[in-house]
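This is the structure, below, for whatever I ask next.
Order as written gives the chain letters A, B, C, D and E; numbering starts at 1 within each chain.
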Amino acid sequence: MARIGLFVCRCGRNIAGTVDVAEVAGILAEHPGVVHAEEYTYMCSDPGQLKVAQTIADQHLTGVVVAACSPQLHERTFRIACEKGGLNPYMCEMANIREHCSWVHPEEPATTEKAIELTRVAVEKVKHSRPLTPIRIPVNRRVLVIGAGIAGIQVALDAARGGYDVVLVEREAYVGGHMAQLSATFPEMERSRFLLRPKLAQLLSHDNVWLLTNSEVVELTGFVGNFKATIKTRPSTDAEAGLDLADEVFPRGVERQRQESTVEVEVGAVVPAIGYDVYPLESIPEYGSGSIPNVLTSLQFEQLLRTSEGGELRRPSDGAVPREVVFIQCVRSRDREHGMPYCSRICCMYTAKQAMLYKQRVPDGQAYVFYIDIRAQGKDDEEFIRRAAEQYGVLYLRGRVSRIFPQDGKVVVWGADTLSGMNVEIPADAVVLALAMTPAHGALDVARLLGVGADDHGFLTEAHPKLRPVETSTAGIFLAGACQAPRDIGSCVAHASGAASKVLELFSARHLEREPEIAHIDEGICAGCFDCREVCPSRAIEVKEIRDRRGELLDTVATVNDGLCQGCGLCVATCRSGAADLEGYTDSQLFSQIEALSSRWTSTTSAEKPGGGHGG
Amino acid sequence: MRVKISKASLQSGFLVDVEEMSGEHVWSCYQCGNCSAGCPLAFAMELLPNQIIRLLHLGQEEEVFRANTIWLCTSCLTCKTRCPRGVDLSRINESIRHLALRRGKAPDRFGPDQIEPGVAASAPPQGLASAFRKFGG
Amino acid sequence: MAGIGIFVCDCDGELSERIDLEVLGSRLQEHPDVVDVIPHPHLCSEAGLALIEESLAGKGLGAVLVAACAYDLYDVAFRPIMEKAELGPGQTVNLDLRVSSSRDENVKARTKHSVDRALALLDRLELPSDKLELVPEEADHGVVRRALVIGGGIGGIQAALDIANSGHEVVLVERQPSIGGHMIQLSETFPSLDCSQCILTPKMAEVGRHPKVRLLTTSEVTGLEGRLGRFTAKIERKPRYVLDSCTACGDCVDACPVLVCDQFNTGLRWRKAIFQPFPQAVPSIFALDDEHCLGLFPLACGKCEQVCEPGSIDYDMQPVTEEIEVGAVVVATGYEMYSYGDVSEYGYGKYDDVINGLQFERLLSASGPTMGKVMRPSDGREPKEVVFIQCVRSRNPERGKPYCSGICCMYTAKHAMLYKHRVPDGQAFVFYMDIRAGGKGYEEFVQRAMENDGVMYLRGRVSKVFEENGRIVVWGADTLVGKRIEIAADLVVLATAIVPNDGYESVAQVTDLAADEHGFFTATHGKADPVGGSVPGIYLVGCCQGPTDIPETVAQASGAAAKVCALFAAEPKRAVPEPMLAEA
Amino acid sequence: MEYLYYPGCTLVDTARNFDRCGRAAARALDVELVEMPDWTCCGTTFPLTNRKIVGLVAPVRTLVNARGEGYEELLTLCSFCYNVLKRANYAVRNRGDERMRINAYLEDEFVRAGQEYDEYEGEVEVVHLLEVLRDTVGFESVTAQVTRPLTNLKVAPYYGCLLLRPQSEIGLDDADEPTVLEDLLGALGCDVIDFPHRVECCGSYLGLSSPDIALQNSYEIVHTASRLGADVLAVVCPLCAYNLDLRQEEMHQRFSGFRQVPVMYFTELLALALEVEEEVYSWERHAVDPLPVLQTVGGI
Amino acid sequence: MAELNPPPWEPRIVAFVCKWCTYAGADLAGTVRLRYPANVRIVKLPCSGRIDCFFIVKALEQGADAVLVSGCHPGDCHYSDGNYHARRRFRLFRRLLEFLGVDLRRVQFACVSAAEGMKWADLVSDLADEVRQLGPYREYHQMCAGDGTGDERDREATHA
């Protein structure tokens, strides 16, 4: 006979403000199988958890229900509390009466009634729960890093220094990504390649790092700790050899595939660090769609700055020195109508940097910057911008540019200065566009390949924006750098190291404990139709042969690979004989939950109550 | 109407003169508007104090001269006191006044003849003297 | 006896552009133990390395300082040579000449800074005489696999968890009676608007119960000797006057007669002299505030002791100092809001209804002094018009701090938004200079505040704030329409500048970490090594090195953890060779 | 104690009652104000451009003469004089080239007049009576000597600009949150109200050059004071007194619902509280007669 | 007296949602404090692919006036294609229900991602309104109850 303890959380006023917590506890106290019901201010607090553990011991509970916030937040907390009290953690369920109830409904009887029903559902579920024990699976302590830009390099470096094998895959023929193409970094004003060099040198000096350029991951199977990646490598041309920063720093160079090849690598973790691209200039008609000479993208300008180091900066069209250069920020950023709604974050700073470097190259030149807001929130950034404006005489104009057109050898810019309230026209020698930062081309394919989420734009989605910024919703796959959101180099490096620490954490033990909420198949019932095998997305269904004493094959039935099964339950829904079931979501649990929602229970709440809320 | 901006217009002698005379660094201003927010006389100004500096940035000499702003600044230093960039607008305005006077862009000079006798009697000498100073350069 | 040799790299002229290497050399030459200063245009080149090797042999140097670029490079290029010459970590140290490069433009200042750093590092070198200190059995490059984390805010918590979950011991030191830092004071967090306590308490609880984490609250680090891989930390554990047997029942609070201004609630509420800062506190043990308790010497009260059933009150508790060996240190000392004192033109501290952002967080917090009801501190009325002023003493070299405080734009947008959710018929105004919404979903968030919640944004600073018959009058400007703005508000919220937590001075003094003129610690390199402190083996997380929002802080914390774990990793040799290649 | 006193043009002319009250009150507190012999104009405005070195001649000459009189301090009652003299002194002390140039002028001038001259380096200290009362006499001793406390006289303190700004060069008090005037009035027993507009500008010389604009501005100030229920508006500068007091009749005509408020110089209130002899006051010089309110509220 | 003027009837809606997308979306609706009617009761499942058609029948039988099934958007599925299998199954199932004479307006399918708190709130509000128009699903309840009435309160009486 079940002995269930119920704990209803007030969560300060978060729940108690709209739900009559006392009534929830009161009514459920009468529910069959419930032997203990109480309310408390903060169940998640140490004393709250202590209550749970204590009551389990005192009341010899066989199950616990905590009616509080979303299980996404505290299920683990309370399951551990139950363990402390000597109860199998999987005999604990939560009823979400905050996110799904108190926060979304006004204060009225219907809200309390809903809270009561949700709690009852949890109680009924626990009655049909079974004790479960976590599954231990081995971890292959080798990491696959996709993308050898600064973020990828940093992840690889940290993992290698942690003593683990690294497979670093780069789509291009060279490593270093965009950073290798930049002139200098802000606000330090140091040659970008000088910063990249030592990292690369150290990375390649580790003999547990395997760098594959010209390569792409074409398939990924398996699961956390036990992935299998298929990597396709293009043959590299002689032209490519030597171009690479890697050759610069690494005396014996990087060995390159001469013929196309495909390899399969077993890894325990995967870190996509696939970086970013910029919005195509071709699709910006009002700025000439790339047809106007001397209208450059910021990356093209970086190239100019890098190559003109020490010398004079000359524009590509006619080799003339541009005396007046207009920089335009937020091109297709913060522009939900024509481009990207988000802010590309780094443009303000690199534009200021480019303007300053330009002035260094062309001391008598004049730089203009069109901006909407100057976003200089990083360390030393504000001071950097002030230097640009005050010491380098860069003229900042607050406003967008509506049109650019060529006119007798000049590029005429029509913009506004919203501070003086005037429209301005600048005949410039060159225009530099800070194009929106977009996800790298093919980002969505990578997302699909790895089975991680991506937002509407194609930036890969982190598990939680605040507290899990480098993890994905798929165990064993972590994010690094600008593929998650636009960020500058420093932030990329920190973010990458963050991803690396998750890898090191995962690799710190040879085994990983997995949630036991997975499917199992009753061999006694299984008819061996293997429909389940067809639908299983994680290829977890295997064939098991049943033989008699003499080894004669009697039957083949389906069985579940604990390591692979992710517990989606597709097989259960598909199985016609009802041999399959899903721990934590068994048929008996679910049917009892549905019955708990039956209208007949409403008799337990007072009859005057209107049935439901009217929204707000 | 669209204002043409170029290196020439920016590096106009005007801005140079103002900086030289006032000893203030006009480019220190980042247009936060604190000066305008606090200026007691701004209600009567055709251009706000921060707009004066903005127009200096853009080299719009005529606009600056045309406005009554510089002549209404009493150098009360409220702006300087609260300016986050340490710009002393009173010095800038005084410099512009002088340039205006020199270049004949000033309104009629304010002199003894402009005061009605009645006022003159009750007016504190310091008021008269300072007024003549401000308008007489 | 063998002295110290110094190698100075010019990194192909990169460094002499920023630092006067001549001066550096001559100043270091003056150090008593320094026998030779050897400059070279490019130390990590073949020639450079050769030079080092022969000088090590020829001059028989007892210890070496390499003044070059990032620590990363030192590790790969120079350490092998040093080890070949049998110089352990104690005899070699690397000075990153770029530490101060990104700071002001002036070569002189940078040179001086570099000299100071170098001298500080020279004192950390152990000359052969005290070389014996390396005990053979710990010869796996003498790394103590235990980390010290200073500061129990979100940064410290995350770093501690990541390190501990990788199987290493962590000592987490926090000055307050509970961990949680500023984040636990916040109501809801941008841009996802999930409630700060809901997402932080699980982590706090995890730290509290983690077998690998030793949590020392009401404690401070008072000393740190040693070097990368082997520090000895002195930790003073201040008396809390309440024993661990405390069940947090709260009987003592009812008994305590002393009312004290509640710092956790930013002075918007009273608490007792014996208290728990907030309900979810970890550890959930009360603390006795000895400044105000009447029970301490001479014992005049003792009421709490009388009512305490478990008998957990101990008035005679004394401070204890213990020494702990650690291999690495993570500094996460966090921030504070710009002090009350001199925001005179806004009447901050003069008028009750002029408050700062952190105070408004408490007003919004469901567990705050008003249970989440927005009301004016002065008379408890619900404010119908609220003015938010950004950049108060930020971006203000004249009267405050020259830097941007980084997070105000976003939390102000959040404040305005949450205010509108609480007071639908209210109006929020925001004075700003630039809206800095550079982060995932930030721009969209601010747009939402403007469009969905009708928050009025005004681009301009506020010159003056004063009280007039019960309302707070704000004199500001809108530089876009070129008009002066006057708003008679019910409540004014100032986004005052973020400054380093006042603990930074003692930490800086104890750790030798380089800090900028504002007290923020400087990273080895803002881009190449954003979490590395200027002392090898000490890492920086979050606001202690500059204003940083929560996601960035968490990423940095994990980043620092990665550095620590890599350092602690068993000697980096390849794991069992499994077949990497298999023809597909 | 004894101070060399610099009255300045206005205090011996349209505002001589302020001056008389000042001297008498000071005497009552044993502060002897010795008028500087044949003083000349302070220059009225401090030159704000680098090119106008000439503007410094007048104030510095005054300071040099003060030094000649053998005094270390020069005391003023008028914000204009105080501001100009103090800033000029600051310039001489802190700006090398200006010191050189101005000394060159003066040396030439003195030598022609047959006097010898040694370079002035800012030896003289410019002080305001308020400073002396606060720092030397001390407000508590002022209170002690008050024989007729101005109890329940609601006074709005008004500083204007020149007494406080620029803070870096004047430094008499915090430019945004000054207290010296409140403290003095408090010492006299007045009921000091929190007056938000106390550091706004009165309109200064615009009162003469652009009377209309100046009027709107000063109306804002006076009207606020009267709305806040002030019986008296206390000022420290004769020009403020002019803009705020002498034009209230016009305000009355221009703006409906305006209640006039008598404007008094701080020296007048000081004198009243110390009960100095009657002849120093000349109430007829006030546009808004303070007597009625003084009698009803101040009990005078 | 309650019996004399019974409170306005309100629909009961049972929702079967996957824990990765829709459940999280509903959580989001909570964290951003959106408002929607309290008629819906969520039953959490790992994936919409776990949903057995009998669950839906059972829910209606137990007195639900409508059933909502919601999972991830195509391609978003945490298990790569669980939701796709689910959709295929439901297409078939809808035919069956139609054949049985079940009013399909009372069995709805949707996709709500973890980021779509607003969509969830709107979805529930609209469905609640729609079902309010349709009125209680007496026909089906009677069919299941077997007795003549089938209206909840009557059945309560019989149970008592």
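Convention: contacts are C-beta pairs under 8 Å (C-beta built on N, C-alpha and C of every residue); 3 or more make two chains touch, one makes a residue touch a chain.
Note that the coordinates shown come from a computational prediction; the quantities given were computed from them, not determined experimentally.
Listed here as common contacts of subunit D and subunit E: C. Here C is the chain whose Cα centre lies closest to the centre of all protein Cα atoms. Between B-C and C-E, more C-beta contact pairs are found at B-C. Subunit B and subunit D have centres, each the mean of its CA atoms, that are 26 Å apart. If each chain is reduced to the centroid of its CA atoms, subunit A and subunit B end up 55 Å from each other. Centres computed as Cα averages put subunit A at a distance of 31 Å from subunit E. Averaged Cα coordinates give subunit A a centre that lies 67 Å from the centre of subunit D.
Residues of subunit C in contact with two or more other chains: 192, 194-195, 345, 395, 464, 479, 482. Residue positions of subunit A touching 2 or more other chains, listed in rising order: 386, 419.
Among the residues of subunit E, those touching two or more other chains are numbered 31, 33.
Chain pairs that touch, as defined above: A-B, A-C, A-E, B-C, B-D, C-D, C-E. By the touch criterion stated above, subunit C contacts subunit D in their complex at residues 344-345, 350, 464, 466-468, 473.
Contacts from subunit E toward subunit C in the complex involve residues 28, 31-33.
Interface residues of subunit E facing subunit A in the complex, by the touch rule stated above, are 2-3, 7-12, 14, 20, 23-24, 26-27, 29-31, 33-39, 41-47, 49-52, 55, 58-59, 62-64, 75-82, 85-86, 89, 115, 121, 125, 128, 152-153, 155-156, 159-160. Residues 20-23, 40-41, 43-44, 71-72, 74-78, 80-82, 88, 90-91, 94-95, 98, 110, 114-115, 119, 122-131, 133-135 of subunit B are the ones that touch subunit D when the two sit in their complex.
Listed in rising order, the residues of subunit A touching subunit B in the complex are 323-324, 365-366, 368, 386, 389-390, 393, 395, 398, 414, 417, 419-420, 422-427.
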